[in-house]
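What follows is a pair of complexes built around chain A, which joins chain B in one and chain C in the other.
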Partner chain A sequence: MIGNVIGRLLQVLPTLFGVLVLVFAMTHVLPGDPARLIAGPEATDAEVAGLRADLGLDQPVGAQFITYLSNLSRGEMGRSLHSNRPVVDELAARLPRTLILTGLALAIMISLGLAAGIISAIKPDSLRDHLLTGLSLTGISVPLFWLGLMLVLVFSYHLRWLPTGGTSSLRGYILPAVTLGLGAAAMLARLMRSSLLDIIHQDYIRTARAKGAREAVVIGRHALRNALIPAVTLIGLEAGILLGGAVIVETIFSINGIGRYLVQSIQYRDYPATQGAVLVIAVIFITVNLLTDLSYGLLDPRQRRGAA
Partner chain B sequence: MSLMRLDPARGRIAGFALPRLPRFRALRNWRVSLGGAILLVVLVSSLLAPWISPFDPYAQDLKAALLPPGGSHLLGTDEFGRDLLSRLIWGGRIALLVAAVSVVVSLIAGLFLGLVAGYFGGWLDALIMRGVDILLAFPNFLLAIAMVAILGPGLANMLVAIAIFGIPGFVRLYRAEVLTLKGADYVEAARSMGAGPWQVIRRHILPNSIPLVIVLCSLRAATAILVASGLSFLGLGVEPPLPDWGAMLTNGREYLRVAPHLTTVPGLAIMALVFAFNIFGDGLRDILDPRRKH
Partner chain C sequence: MSCPAPIAALAPDLLTIRNLRVHFPGQTGEVLAVDGVDLTLRAGEIVGLVGESGSGKSVTAMSILRLVPGARSSGQIALEGRDLIGLGAAEMRALRGDRIGMVFQNPMTSLNPAYTIGNQLIEAVRLHRPLGRGAARKLALTRLAEVGLTDAARVFTSYPHELSGGMRQRAMIAMAMICAPALLIADEPTTALGVTTQAQILHLLDRLRREHGTAILLITHDLAVVAAICDRVAVMYAGSVVEEAPSDDLIDRPRHPYTRALIEAIPSETGDRRRLYSIPGAALMRPDAQACAFAPRCATASERCRAARPPLITSGARGLRCWHPLEVSP
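Right after this comes the complex of A and B.
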């Protein structure tokens, strides 16, 4: 098991390095000269040249990359061009909100998605199966931002049950988290249904039933455990969809998280901030996928022995 | 992870074996027929937009701003008094353009890279798949946003971003399919009879992977439209005054209380089109691979 964990950690390193190269490269393919961008339109050529030297932009690209890495290792991501504050501080202040939002959405996705998938698969082709299948098909087709606006229209404007945003209390997170979690739940429900149905037709399930095991035991102990393996993969992948979706949801509900920060920094052409936000989101995503990979070992004993 | 695998018994050993796409059976599948019908409506109305749209989609009439649906403006008007139905019909063109560009680019690049990686293996496979891993390490919507951040907003740049971000997923799925097909008995047989790699690819791998490719394209189109509308919504995609569904929704957002139809209508349009691509792909998968009917 420990060997497995170390092996996976080593596999992540090249990906992480590639992500760093890409994020670093973002500024080098940006149209325009970053130094001129920072100096502003009124700066003289000499000022721009001075700034370029200060920022190390006159160095060869390789040397700049090494500087970038060593800065990162000291937790430095430069200063925001817009606010002139360290990007790290700005990101750190916003990270908890994004984590609360995506965490709640993940909880909604897992509870609703698994429940709907299991209910559908236990009685395929029943009315409730068709109903849930139709709902989940609609769920994966709804644009997130539209769902968010419709929820605001109904629950905030008409019914006045919930606030349209604000993060001072958990109540403010309800609508955003539901918006973000529903589509992902629909995707999980579809996968859970199909993988459970595949498994229910297998021999060992028939054997369990033939031995007289109760249906709850057959599904709960035998089928579900195996059906959960693809579901866990999807949960890892969907963490990415949730993080990407958080960008939109934070914008709709005015949540000052990393997603909204990213959109604003793109609009201000604030490239250190853009770089920092992209990097943080990618690192969270890689970490979540690493954790889901490692969790296979808990679900599937074959993985524990095989990969060690 | 392969979305579907063809029954090797159906693949033929010799000749250009195009797997049968059972046309009539396809129409009996409600998903294919409903999805196909919606797609057809959007396609035909987009093509006929200049003739069937009741008003000029750009014509402003401030005296008729924010009219509710009904009357001479069937779906109402926006804040500039532009006819919503006309903008909706013209907007279909942009949605379909996004879907088409994304599908074609992911298809060409994905097929090529997936084939090279899956069939030839070795260091090329390792190189391509590491690249794919790195791109997939970004949440896909983030990748599109990052590319727009580099290229700048606008329809053309958005098309580039959406086309590129679809490639890595396609490569991974197609490579898995190529690996499966490559191991099939009839491919082994062809190789042992002296068929070269190009011949095997052309006569066996490509034709037998067509069903998977069709399904992937349909689902890809659905994702592309969702991502494009998301970008437009954030102000990073199509810019006004182009009649894009996502951008229309963004404008309507300010009038959510007074004119909810401005957000409801384009939202429903996006949902219907994405839904159509999704069920079309789902239905085709059921027909082409009966073992995965669930």
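Right after this comes the complex of A and C.
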């Protein structure tokens, strides 16, 4: 088990390196000269050249990359071109909001998705199964921005139950998190239904019944644990997709998180800020995938001690 | 290894099945999978239930546990005098795994891959006995040792995928026997195993019934298995029992043409190189209820066989459902 964990951690390193290369390359591949952009349209060629030297942009690309890495290792991500504040500080201020939003959305996805999938699978082709299957199909099909606007219209504008966003209290996160989590929950519900239905027909479920176990034990203890293995894969993948969705949802609900920061940075051509935001999102994504991989071992003993 | 088992002959009836019929609702009307099965098991007796795939032998066995999804059963199944068909769900659950143990065909897929063998055995004990984990663990280890798993402690902490097929089937048997049931149903317990392991498992079943007095209903398509350990055999064809007899008697002197055909289909062990015998035709899924189900494949079938279904006639230890029984030389 411990060897497995170390192995997985080592596998993360090349991925992380690849991310760093890509993030670094962004400034060099994208059209436009950062130095000219920073200096502004009024600047003379000499001023731009001076700035370029100050920023180290006249160095060979390899040397620039080394400098980038060494700065990063000291927690340096440069200054935002827009606000002139350190990017690290700006990101640190916004990260908790994005984490709360995606965390809540993930909780909504897991609780609703698993519950709906299990309820469907226990009585396939029943009325409630058809109802839930129909709902989840709708959930998958509805676009995020439309769902968000509709929720605001109904729950904020007409019913006045919840704020349209804002991050002063947790209440403000409810609508954005539901918007973000519902589609993912629908996806999980469908996967959980088919996975559980598949497991329920396995021989060892028949064995559990033949032992005299109650149906709740047969499902809860014998079927669920095995059915969760594919669900965990989806939860891991969806966590990444939720981060992508956060970019949209934060914009709709004006939550000042990493996603919205990324969109604004791109609009301002704020390269250091864009680099920082992309890097943070990528690191979160890698971490979630690592946790997903490690959780297989907890669920499935065959992955723990080597398959027979 | 065949045994006359004098104990069994004197023992009281443990399981009596009378006129069991099992229907499945299908797309084009109901399918009758089991059509009037009668069967009796006495305490400590091993009875073989033999037949081709689709003859209804597994459905009959699973009907005893009432674990046939979507089926409707009628008739009578009585265990120790209690009618199982009318039993409440909770009372039925209390019998499963306690008075009736079950061993399935495929030990590779019949154990839960997510839990250790020990965990699954302890669960089986504690569903029926008010024992703490320590006491349950002790009983589980005893049973594992009893079924010939010499390294019981290691098997206890192993996951199913870490064991061989034979070891898994032994663990499965230990789990089915954990509460020392009165009846053990074994559905093709050796079919998925290698030849040497097969013999060992049969030997184990025979020993367990001697040690615990457990009656065994052994479902198989293999008459060699029957000859090895069964006291009596019931041969099923198209949902009903066509012949029943003490196993030596049945194999030496079959009276139903189907039984004789089954015996002739056993490949000879003496190196006889003639072609393998097979029964011509295939069993009908939905035989005509007004005729002998075997008539279309039977060499001795007459008009009478096609016009009326023969009743099950019992005389002494034998039962037979045939209008034209084969003559037996005394």
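Just so it is clear, the second predicted complex is superposed on the first by the 306 of 308 C-alpha atoms of A that agree within 3 Å, B and C clash if a C-alpha of one lies under 4 Å from a C-alpha of the other, contacts with A are read in each partner's own complex, and residues count from 1 in each chain.
Quick note on the criterion: contacts are C-beta pairs under 8 Å (C-beta built on N, C-alpha and C of every residue); 3 or more make two chains touch, one makes a residue touch a chain.
Remember, predicted model here, so these are calculated numbers, not experimental data.
Student: Do chain B and chain C fit side by side on chain A after the overlay, or clash?
Tutor: fit
Student: For A:253 in the superposed arrangement: first (chain B), second (chain C), both or neither?
Tutor: So A:253 meets neither chain B nor chain C here.
Student: So, does A:213 touch the first partner chain B, the second partner chain C, both, or neither?
Tutor: Touch status of A:213: second partner only.
Student: Tell me the contact category for A:68 with respect to chain B and chain C: first, second, both or neither.
Tutor: neither
Student: Could you tell me if A:142 is touching chain B, chain C, both of them or neither one (first, second, both, neither)?
Tutor: first
Student: In the overlay, answer first, second, both or neither for which of chain B and chain C A:226 touches.
Tutor: The answer is second: A:226 touches chain C but not chain B.
Student: For the superposed arrangement, I'd like the angle with vertex at the C-alpha centre of chain A and ends at chain B and chain C, nearest 10 degrees.
Tutor: Seen from the centre of chain A, the opening angle is 80 degrees.
Student: By residue count, which of the two partners contacts chain A more extensively, chain B or chain C?
Tutor: Looking at chain B versus chain C, the one contacting more residues of chain A is B.
Student: Quick one: classify A:299 as touching chain B (first), chain C (second), both or neither.
Tutor: After superposition on chain A, A:299 lies in contact with chain C alone.
Student: Looking at the superposed set of three chains, what is the minimum CA distance between chain B and chain C in Å?
Tutor: When the complexes share the chain A frame, the smallest chain B-chain C C-alpha distance is 17 Å.
Student: For a test of understanding, state which residues of chain A touch chain C in their complex under the given definition.
Tutor: Residue list for chain A touching chain C: 202-204, 206-214, 221-222, 225-226, 299-302, 305, 307-308.
Student: Which residues of chain B touch chain A in the complex?
Tutor: Interface residues on chain B, with respect to chain A: 130-131, 133-134, 137-142, 145-146, 148-150, 152, 222, 226, 229-230, 233-236, 246, 249, 253, 256-257, 260, 263-264, 267, 270-272, 274-275, 278-279, 282, 292, 294.
Student: Spell out the residues on chain A that touch chain B in their complex, using ranges where they run on.
Tutor: Per the touch definition, chain A meets chain B at residues 14-16, 18-19, 22, 26, 29-31, 121, 124, 137-138, 140-146, 149-150, 152-153, 157, 193-194, 197-198, 239-241, 243-245, 247-248, 251, 262-263, 266-267, 274, 278, 281-282, 285-286, 289.
Student: Once bound in the complex, which stretches of chain C touch chain A?
Tutor: These residues of chain C touch chain A: 65, 67, 93-98, 101-102, 104, 106, 109-114, 116, 123-124, 127-128, 159, 161-163, 172, 175-176.
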